[in-house]
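Which chain is which? They are A, B, C and D, in the order written, and residues in each are numbered from 1.
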Amino acid sequence: MVKLIEGIPIMRPYIDLDNQGYWDAVKNHKLVLQYCTKCNRFIHPPRPMCPTCRSQDTMEWKESSGKGILYSYVMFTSPKMAYPAYELPYAVVLVELEEGVRIVTNTHEIEPDEVQIGLPVEVMFEDLPDGQTVYRFKKREA
Amino acid sequence: MAIDSIKDKAAIVGIGVVDFSTDIGRTEWYTACQAIKLAAEEAGVNIDDIDGMVKSVDDGPDPTYTGKGLGIDNLLYHSENHWGTSAMMNAVHAVAGGLCNYCVYYQTAHRASGPEKCISDFLVAREFRDDSLDMVRYDYFSPFGLIGEPGYVAMMYRRYMHETGIKPEQLGWVPIVASENAARNTNAIFFDKSITIDDYMQSKLIADPIRELDCAPKVDGSIAIVITTPERAKALKQEPVIINSVASGYALEGQNYTSYTRDVITDLPEMENMAKELYRVGGMGPKDIKVAMLDDTFAPYVPMQLEALGFCGKGEAPAFIEGGDKIRVGGQLPVNPDGGEIGQGRFITTRIVEAVRQIRGTSTNQVANTDTVLVASGAGGPADGMICRKE
Amino acid sequence: MFDEYLARRYRTTTRPKKEHYLVKDSAAIVGIGATEFSKDSGRSELQMVCEAVKAAVDDAGLQMEEIDGFVRFEMDYTDEMHICSSLGIPKLTYFAECGWGGGASCSTIVHAAAAIAAGVAECIVCYRGMNEASGRRYGRIPGTPSIMTAPRDHFGSILPFGHCTPPGWVAMFASRYLHEFDATAEDLAWVSVVCREHANRNPNAIFYDRPLTVQECVEARMIIEPLRLYDCCVDTDGAVAIIVASAEKAKKLKQKPAYIVGATQGNATEGELMTSYYRPVISGLPEAWYTGQELWRVTGAIPSDVNVAQFYDAFSPLIPMQLEEYGFCDRGKGMDFCRGGDRIRLGGELPCNTSGSHLSEAYLHGMNLIAEAVRQIRGTSTAQVKNAELSLVTGGLGIPTSAILLRN
Amino acid sequence: MSVEYNADQKIPHPAMWGVLYKSSTPFWDGVKEKRVMLQRCKSCGYWLNPPRPMCPKCRSQESEWVAAKGTGKIYSWVTFNESPHSAFKTPYEAVLVELDEGPRIVSNVVGINSDELEIGMPVEVTFEDVAEDLTLPKFKKVG
């Protein structure tokens, strides 16, 4: 459902050593999550220390199933508060993944009135003309 | 109900230092978490019990993000201060005032490899500043090429040379003694041996009269300091270092490094005001101080601080530093036995760490029987400082 | 997951002892000053701050030379050094700054009160000045003149999805709140309507002469679902200054002191700048809960002791959420508390936001709320609560927050 | 010596973000008309330098802008041997001039060798168009 307006770049993620693995995977059309092998726990957003066991060397990137449910959403309808690169309206959604963490993302081929809390969704990737890859979520069978 | 004074109401119980480097290869977020973990372990404080965090605005991720890495919930006190090590003052108020139990003061800065080490070309506009004099001032300086701190300091130092007659052969002893001290300190990566006065005189005049060796080099590092009350300190692992007094100072017409509109631009009135308060609160005087940790981000500030803090009379500082004997370990007033910022790189909290080590007796360049250390920061701008002592 | 949220780790046993809390009653707010509130001030933020400080000093009956400390918002573009150069304040012994936008409002008082309790200063100015309506909205996005100044890690992971403004960030958890507790737009409208009723009594309020009905609220333009026009605060140009002095000094000054019984900050794990979406439950404000728990603990007061409250209301859903988090009602009952408006308007069980607050008076990052709380203690509010003994103010939400409790 | 610029680099402009700050606009407007304008308190005559919205002496907010004579003395200077900005060719000097009226301003010198420069040297203002949209007040030897 997100349509880009030509000529306006969309903002790029800020990538540093703490989250590089995450965005590198996105480039390869994979959704990975930070995982602490000591606590057997997924962590998101990526960070330099496991907040539970406080080790800095037990974390690895583990691929996510990419499946989740829509936990909350924001519908951008007014140009005053929206980013100009997207055609209005567009939805920003918070997806709760099966792994138990949530991520902020956009929707793909979901009509505005279908965007509802509880909707089952799964990840898809899109390569944009400017060379970056973004992940979005589309409907799936529950 | 208020307390009359913060004298002896707080103590430093742990320090965590991530090894300095010119390219640390980690994010600031990473090393901030690392330093706090080290400090908590050294102190014997459970990370879950940390309930206060303070830092300088410019250095490192803020408490919420750092706490997110550390998994610290329920932080009862957090504060970000702008100038020097003035965040220390808030930490002391917070533990002395019963706002929190264990406050961490952390500084994380990767100035050598660049704090903005962003791998992607993240699109970001520059922050828009409103009409503050701070910016107006740069409007007045930048078109003329007066850009950067060495230049700002050089303008003042030229005048200082003119008014006091200090010669490069005298000021040179500040970096010389710093290099001697740094050569003994394994965490000071910039000198493995002492320089000579000839080396100094040949050092490049980057903003004449400021030489390259007058400036603290950029460095990557991360330091955390745990502060609590002296009572709580008793149950912990380390011998506590009591904060006898802490103060900050400001004076009229102040601008960071560029207070050119004052009648006299060659003294440090902020530092003088701070020192008065520091000695008043602590009930001490310059004579009680065994080691001085002075702000040597730029060398000319060292003689100026010696005068402002009362370690020598007005106009006596050039002679005081000449030859270095009085400011070396074993001298009348050892200054920055760890090599200071000139020796270790630009990192303000190193002064607090060395103060703690001197009092514990664990410095790489230990001054015998150190029981009181003065720490000063913010030379050339709003100043702050503390006196710490042995229990 | 819900249980984990309710079992938050607030543990009174590991906090400093109550009697060690030295801020209690050791400082008071003695002066308040403000510029006019407008949509276009026509002057710089620095100038407005100077005017507000001067007004506050006059209000307190102080001399400018007696000011010896400053606490600023980290987000404020004017710094204390330059304010002093303009006002001719010769010497400061204390300066500090507080982060997190509106979350800093009561934090400034926390810092000032702690410094005064510690004896390092006697008269401290806390201030905020912003040309938010005419100038640089910090909510604007890159490409336009200004950007949101957010920590970059968090910034970088949500902006690529066009999620770029505070109303949007708040809408994400607000819609979850409304969803979980079946609240309607009409329910929410009562919050805005009551604030407007109070603003209609306050000549300094931007919406002084503009009444508002529930009908208008629910029919208003949608800004970002579920937030409509009147659910959002009013962009304002202006400045407010608050002077905190030691209790001893306060007795000798012109105004009736508003004693600071308690001033606390709170910060919960997994926090971000209004996008703390990764917690088990996002339909609450754990920072506010922590702040409240600590406030009640150190002051010994309980919510029902409070006579009047100024809740930070950048967006209307934040008021019912805070009523829950600060313990004025049970979880999920905040909307019931507001419905119909009777319990929160003047004369009700807990009169809230009696100046019209951010939704209808002016949006000065919480500092105008502190001024109103002080007026309630002095007895000079335009919507005065009779015999107001205890007056509560809270700081910005969705971020590390703060709160103060003032007494007569 | 005079400052030499690298032609392909943009000299820092006082309107750093595209607009001048309100408090310094009269100064830069004056420079365009080849005058050095200074802000003075209307009620007590105190120089407000750098410009500010209130007089620190009497706290009046009424101020006026007056043209300086343009003469003064070198108060201090810096020689940059390492350029902090790509527009400036090294070496060059930045000077702090104490105007005869009292206020000090940062500037550059024109036609004065660095070995001639000394504290107390009398100088007078001269205006240099350094870019299409930028004129700067600089100082040369008197006479």
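Just so it is clear, a contact is a pair of C-beta atoms (placed from the backbone, for glycine too) under 8 Å apart; a residue touches a chain by one contact, two chains touch by 3 or more.
What you see is a predicted model, and the numbers here were worked out from it, not measured in a lab.
*Asks:* More contacting C-beta pairs: B-C or A-C?
*Replies:* B-C
*Asks:* So which chain is the furthest away from subunit A, centre to centre on CA atoms?
*Replies:* Comparing chain centres, D lies farthest from subunit A.
*Asks:* Using mean CA coordinates as chain centres, what's the subunit B-subunit C distance in Å?
*Replies:* Here the centre of subunit C sits 34 Å away from the centre of subunit B.
*Asks:* How many Å are there between the centre of subunit C and the centre of subunit D, using C-alpha atoms for each centre?
*Replies:* Chain centroid spacing, subunit C to subunit D, equals 43 Å.
*Asks:* Distance-wise, how many Å sit between the C-alpha centres of subunit A and subunit B, to the nearest whole number?
*Replies:* Distance between chain centres: 42 Å.
*Asks:* Among the residues of subunit D, pick out those that touch two or more other chains and give their numbers.
*Replies:* Each of 17, 21-23, 52, 56 in subunit D touches at least two other chains.
*Asks:* What are the residues of subunit B that contact at least two other chains?
*Replies:* Residues 29, 68, 71, 118, 120, 122-123, 128-129, 131, 133, 252-253 of subunit B touch two or more partner chains.
*Asks:* Where does subunit A touch two or more other chains at once, residue-wise?
*Replies:* If we look for residues of subunit A contacting two or more partner chains, we find 11-16, 18, 51.
*Asks:* All pairs of touching chains?
*Replies:* Every pair of chains meeting the touch criterion: A-B, A-C, B-C, B-D, C-D.
*Asks:* In their shared complex, at which residues does subunit B touch subunit D?
*Replies:* Residue positions touching the partner: 126, 128-129, 131, 133, 135-148, 150-151, 154-156, 158-159, 162, 204-210, 252-253, 260-261, 265.
*Asks:* Note which residues of subunit C are touching subunit A in the complex, please.
*Replies:* Within the complex, subunit C touches subunit A at residues 139, 141-143, 152-165, 167-168, 171-173, 175-176, 179, 221-225, 269-270, 275, 277-278, 282.
*Asks:* Could you list, by residue number, the parts of subunit A that touch subunit B in their complex?
*Replies:* 9, 11-18, 20, 23, 47-52, 54, 56
*Asks:* Show me the residue ranges of subunit B that touch subunit C in the complex, using the header's touch definition.
*Replies:* These residues of subunit B touch subunit C: 1-6, 9, 29, 49, 51, 57, 61-65, 67-68, 71-83, 86, 89-90, 92-101, 118, 120, 122-125, 127-134, 247-256, 273, 277, 281, 381-382.
*Asks:* Any idea which subunit C residues touch subunit D in the complex?
*Replies:* Listed in rising order, the residues are 43-44, 46-47, 50-51, 54, 64, 82, 84-89, 145.
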